[in-house]
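First subunit A sits with subunit B, and in the next complex the same chain sits with subunit C.
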Partner chain A sequence: MTAVKSITSSTFGDTYANAVGALPGANEPWVDGLRQMSRAILGGQGMPGPKVEAWKYTSLNAIAKTPFIPASTVDDVDVMSLPVNVPLLEGALKVVFVNGVYRHDLSDQIEGLQAGTVLSPFADVLKSRPDSLKDVLGTVMEPGQSFTAAMNTGFMEQGAVVHLSKEVNLKQPVQLLSIGASGLRPGAFHPRFEINLEEGAQATVVECHVGLPGQAYLSNSASEIILGGRAALNHYTIVSEDSEAFHLGRTAVAVDHNATYDSFVLSLGGKLVRREVHVRLEGEGAAATVDGAYGLSGKQHSDISSEILHLAPETKSNQIIKGVLGGESRGVFQGRIHVARAAQGTDGRQLHKALLLNRGPEVDCKPELEIYADDVQCAHGATTGEMDQEHIFYLLSRGIDEKTARALLVEGFLNDVIFSVSDESARNLILDMVKAWLARQRILAVGEL
Partner chain B sequence: MAATQQTVDAVRDVEKYKYGWETNIDSDMAPKGLSEDIVRFISAKKEEPEWMLEWRLKAYRLWLTQQDQEPDWAKLDYPKIDYQDSYYYAAPNLGDGPKSLDEVDPKLLETYDKLGIPLREQEMLAGVAVDAVFDSVSVATTYKKKLNELGVIFCSMSEAIKEHPELVKKYLGSVVPYSDNFFATLNCAVFTDGSFVYVPKGLRCPMELSTYFRINEKNTGQFERTLIIADEGSYVSYLEGCTAPQRDENQLHAAVVELVVLDDAEIKYSTVQNWYPGDEDGKGGIYNFVTKRAACRGKNSKVMWTQVETGSAITWKYPSCILQGDNSSGEFYSVAITNNRQQADTGTKMIHLGKNTRSKIIAKGISAGRSNSTYRGLVRIQPKAEGARNFTQCDSLLIGNQCGAHTVPYIESRNPTAQTEHEATTSKISDEQMFYCQQRGMNPEEAISLIVNGFCKEVLQTLPMEFAVEAQKLVGISLEGSVG
Partner chain C sequence: MSLIEIKDLHVSVDGKEILKGIDLNMDGGEVHAIMGPNGTGKSTLSYVLAGRDGYEITQGSVLFNGKNLLEMEADERARAGVFLAFQYPMEIPGVATSTFLKTALNAKRREQGLEEIDAMEFLNLIKSKTKELEIPYEMIKRPLNVGFSGGEKKRAEVLQMSLLEPRFAVLDETDSGLDIDALKVVSDGVNNLRSPDRTFLVITHYQRLLSYIVPDHVHVLVGGRIVKSGDKTLAELLEAEGYARFEESEAA
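== the complex of A and B ==
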């Protein structure tokens, strides 16, 4: 391991080191132990450099050089109401965080939901009912497995807990909205989302990570998800951070027998965005869809790194990731499918397609298969290239100008995967966001998109 | 069906590792271990000029500083190699060196006979020019005179250093520099022999050139160094085969092969690697760490790598192409078969630098027993590679539920006009396929051999005739005992 620098000592400074005792749940030995262990991992390994395989294509230098303060201590910016262009999911229960802090005033009423449903601020649960998380916290989001997870676990403070009892079907989708807003000094926050669906429960959760224009901030989120037998979760993550912001987020999921995890990641905004997805198909017949799309311009860097572990027989996974790159951006996709000895009858599919709009961007792709069982059907594919001239010609010959033609083709390229989002309101939200992104890009001259 | 019948015969014919005898002839050996003195010893034995020794020493000194840089990223698991516990030079004792085939020790010739490459017969019948390397020195080069008349230089590396220093100086280390990687650096310091080929401008080499490598002496490492230069408009096809006797210890093989391809030239490089793979429990076997790289320097140049990897306990090998010249193309065809406890981590690198460069990768991995086989490949498109094109296909076949098959491709594109495509699949031999074959009277082993040969056909058919037959037999032999 090549360490850029030790994270606890320099990046987050003393303000962070001293705050441990004040964090929620600090008087619970097991919570405190988990935090201390995570910090020890960070201190021991430091920030991963390019020689660490998982970070080969994404450099953390810019983050290491920024002196962050805990965002909850940022006091020169205040958000009194929801900013206008925040993506809002129709009919959803909103839970809003500003700089990682739960905002009761901006959120919907989350008490007294249908029977068997718990939707609470993470800090409240850690303070009042820590035992309800004891068998959950840190079991799937293992600090030792990822720098992102270790950092979040070491500094986690606020967030949300979603818990559904057996056979509960939560009709109303939940929207977790995290807004970053730094003042003069860059803040860092580490929202933690715990989603636990018991046997046969069903829910839709949409995570949105956005920010106000201004200074750099670091959003380091972690979503730990446990799905019991036959449970079904739709989980959509939208990252549209400010152009100066850093986003390091990880989703870790355990899926039990015949349960389904249906997910989508949209990565549009942020200076440096990395989304990690770690899915463990632990029970027979478990299934996961881990789709995604990204659109990049300027000097943006976006990284989607996924690991899908088939650990039980007859498990299925499906993954399609599509990316559009303009400017001098860099897109990274790393996808690993692991099939354990026991996972006979596995079906794993993975596809990554990248469209390069002009001279300048770079796309790095590493689809990986690691297979230890023989009765499996696994395939992956990856393509990179530019827009097909014949497609443009076709549209031009029908009287559409080139600018519009190109935009239509880009939209079509991305929509192809977005249409597979099963929840209608989430699908419409994602489509709208892509449209808005395209509209912003179209201001630029053709070829510069 | 003829080919299948041959495979079946071969399986019956050869119980275990067919090439596992050793030849008892006196060897001239350097003391065990590695030091500056050994490097000087090798250089002196080879009567090398000063500049060559300097180059070796430079590499050796660098290697000493790299002790913590032994590559560990491959999916390979083996105990740490003790580089002091090996002999770095072993030459069969031949007295003053043979002037012609008639002077070659008959015992040696017998060895090659057993391997199925009788030099004389080949000379007479096959029309294949053979350069045979036994442990560390090149024993005999057949057909030399005839090639000489055409202007083709085909000789051992030691001879080339003496006879053609200007060519060696110009090209040696120009594709794989002495600082390239841990194993290549070690090779630069202690390489003993290998082949040297120079094909002059405009010549289409009329015969296939071939080398047979064999590790005979106990505890020796074989460090071969091969350099092939195809001058403008020329073409050459080069074949390489490798075997080693059966031993309990692990033996090290760290080779470097450099290909230089100038304008409009083409090199076809085929390998059938059948080093001793170790026994069923993974005892013994060759550790094969090979750096092979081709520089397509000229316009329209072309390189085609074909490899059939059935042997070695550990294979670490990535024949690569640097596609520098405009319109140059690189192709990589590979079959890697692992059985018992073998481990193979192999693939290729295609670096696209020039305009309209093309690359094609077809890799077939077959794992059986408790083995693990990994395809690891890189396709990199640099910003100036306008219109570059890559197609990659990796297929893995698993036989039995104790083995593993892995695919680790890296794709890096920095040019929008370039197109890359990658696809990979993993599957097993289906019950239907087996049933179909058995219903027609084949036993399970015959059926597997047939199905696997079909799975590899795309690669095997790119081999030259003589090798294709041997390779088909090898496929059968390697998978022996994997059913039931």
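== the complex of A and C ==
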């Protein structure tokens, strides 16, 4: 293991160390203990280098070299209203963060929702009723398991808590919108989202991570999700950070019996984006869909690292990740499926497909199946290739010019997996974002189709 | 001058000569049928006419409406009015059939200097065409050909043709995979498109199709050559006797 640098001493500098004492919940010993432990992990290991298996294909050097300050102390940028091109989910309850700071003025009214529903700023909960998080915080998002989780937990300050009591069906989707906006100095922020659905509860949560054009910033988010028996969560994560930005985010989910975690990650932007997803299918009949799509250009780097743990009988997981790569971009997919001895009757499927738009990009794909049960059905596959000439010819033969044909096929390649997003308004939002991305890449002229 | 004039066409694939001198003139309003054993070059001819890459034209020419067809790109040919109903239509994941149809239709309209089709007008057009071909309307919301049955794919090809109204349509085994009722529906669809300024080249193995779409001329393609041409009775003869006698003469 090579330690690049100790994150607390070098990367975030003294400003960070000074700010630490004032974090919400700091006077609560178990919260403080969790942060201390996480920072000890960061301090002890430093930033993981290429010899650490999980970080073999994604280098943190650029982050290590950037002198970040806590983004909440960035004072030379004002965001007075929502930027125009921010993706908005129709009909959703918006909870907005700018540089990791909850913005009451930009958010929707989140008090007084239907009975059995809590939607609160994370810092408020840590301050006023920390005990409500005691059995939750850090239990699935374990700092020891991931550098991304440790960094978030060590510095977590603001975010949101979504808690639904038994059988509550929150009809209105929740949109968590994190906006990065650095000024002259690059800021780092660590939003923390705690989503807890008790038995039989249902919700749709869309996370959007975006940024204003400008300097580099680091968005280091963590979403810790606990689903009780028969609960059902649609969880969509959209990352479209500024082209100079870094994004290290992790989702960790525990799924109890017959509950379903239905998720999609769309990764379109940022200089470096790494999304980690860790799903524990803990109860009999638990099921997860862990799909995703990414689009890369220039020298962008995207990493989707996924672990799906089948820990109980009759659990199901399904994963399709599709990526389109142009320029000299680099895409990484690491997908581990683990089937414990107890998880008889597991059904696990995984597929990664990358479409290369030219000769420049590189794809690293590392699927791993670890199966300790004998009655299982597992399949995984991966393909990387250029556009199918036969497909192009078919479109040409109908009079469609080559540029349009290629655009249709690239869009179709991604839409193929996006079509299976179950929530209609989230699906439309993702389709629109992909269309806009294609237009920005000049793969698709605006209004062309 | 005929609408399509194929003269001494020789085509090779990977250095192997597949078409060995095809001569064929087709006039406006005519239906020509090509029959022949497997692997004799029928699809090759259809692909060459549609402009697919990978074929080396070593000799000969094809004129379409007086223009050198072989010099045109595949999409130009299509916009000029050439259409190929594929023997094996491609499945295109993620591209809704309706999006594809609209894009193709608008490409043609742009070529003709027309505006893009209005959404309502497009919807109505599709509704009437799908009804005519007994295609469930829901199908056009699905990704193009993905998961369509063999017969559904063939119907979808004819739907495209009827939407794009080509001047010269090549149907490569459009009857294969169709059940008896579907064969009738699809044939009616084709017959409805027959007109004095539209020419069809119908490739088939079965006389049955030709009893619905009655050809003006029937050609037998064996070993990369047209070894015999005649009227519709030739198809009946072939159905009864097979290709043996032509293959013998080819070998000789």
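The rule is simple: the second predicted complex is superposed on the first by the 442 of 449 C-alpha atoms of A that agree within 3 Å, B and C clash if a C-alpha of one lies under 4 Å from a C-alpha of the other, contacts with A are read in each partner's own complex, and residues count from 1 in each chain.
Following the convention adopted for this analysis, a residue touches a chain if its C-beta (ideal position, glycine included) is under 8 Å from a C-beta of that chain, and two chains touch if they have at least 3 such contacts.
For clarity, every value in this text was computed on a predicted model and none was experimentally measured.
Contacts of A:Ala26 after superposition on the shared chain: neither subunit B nor subunit C is touched. In the superposed model, A:Gly412 makes contact with subunit C only, not with subunit B. In the superposition on chain A, A:Ala436 contacts neither subunit B nor subunit C. Measured by the number of subunit A residues touched, the leading partner among subunit B and subunit C is B.
Of the two partner chains, subunit C is the only one that A:Thr404 touches; subunit B does not reach it. Of the two partner chains placed around the shared chain by superposition, subunit B is the only one that A:Glu368 touches, whereas subunit C remains out of contact.
When the two complexes are overlaid on their common chain A, residue A:Ala40 makes contact with neither subunit B nor subunit C. By the touch criterion stated above, A:Leu395 is placed in contact with subunit C alone, subunit B being left untouched. In the superposed model, A:Val79 lies in contact with neither subunit B nor subunit C. Overlaid on A, the two complexes show subunit B and subunit C touching no common residue of subunit A. Taken together, the subunit A residues at the contact with subunit C in this complex read 389-391, 393-402, 404-405, 408-409, 411-419, 449.
Subunit A contributes residues 53, 341, 344, 354, 356-359, 361-386 to its touches with subunit B in the complex.
Within the complex formed with subunit A, the subunit C residues making contact are 50-53, 73-75, 77-79, 83-84, 86, 89-90, 92-95, 99-100, 103-104, 107-108, 111, 143, 160, 164. Only residues 73, 381, 383, 396, 398-428 of subunit B touch subunit A when the two sit together in their complex.
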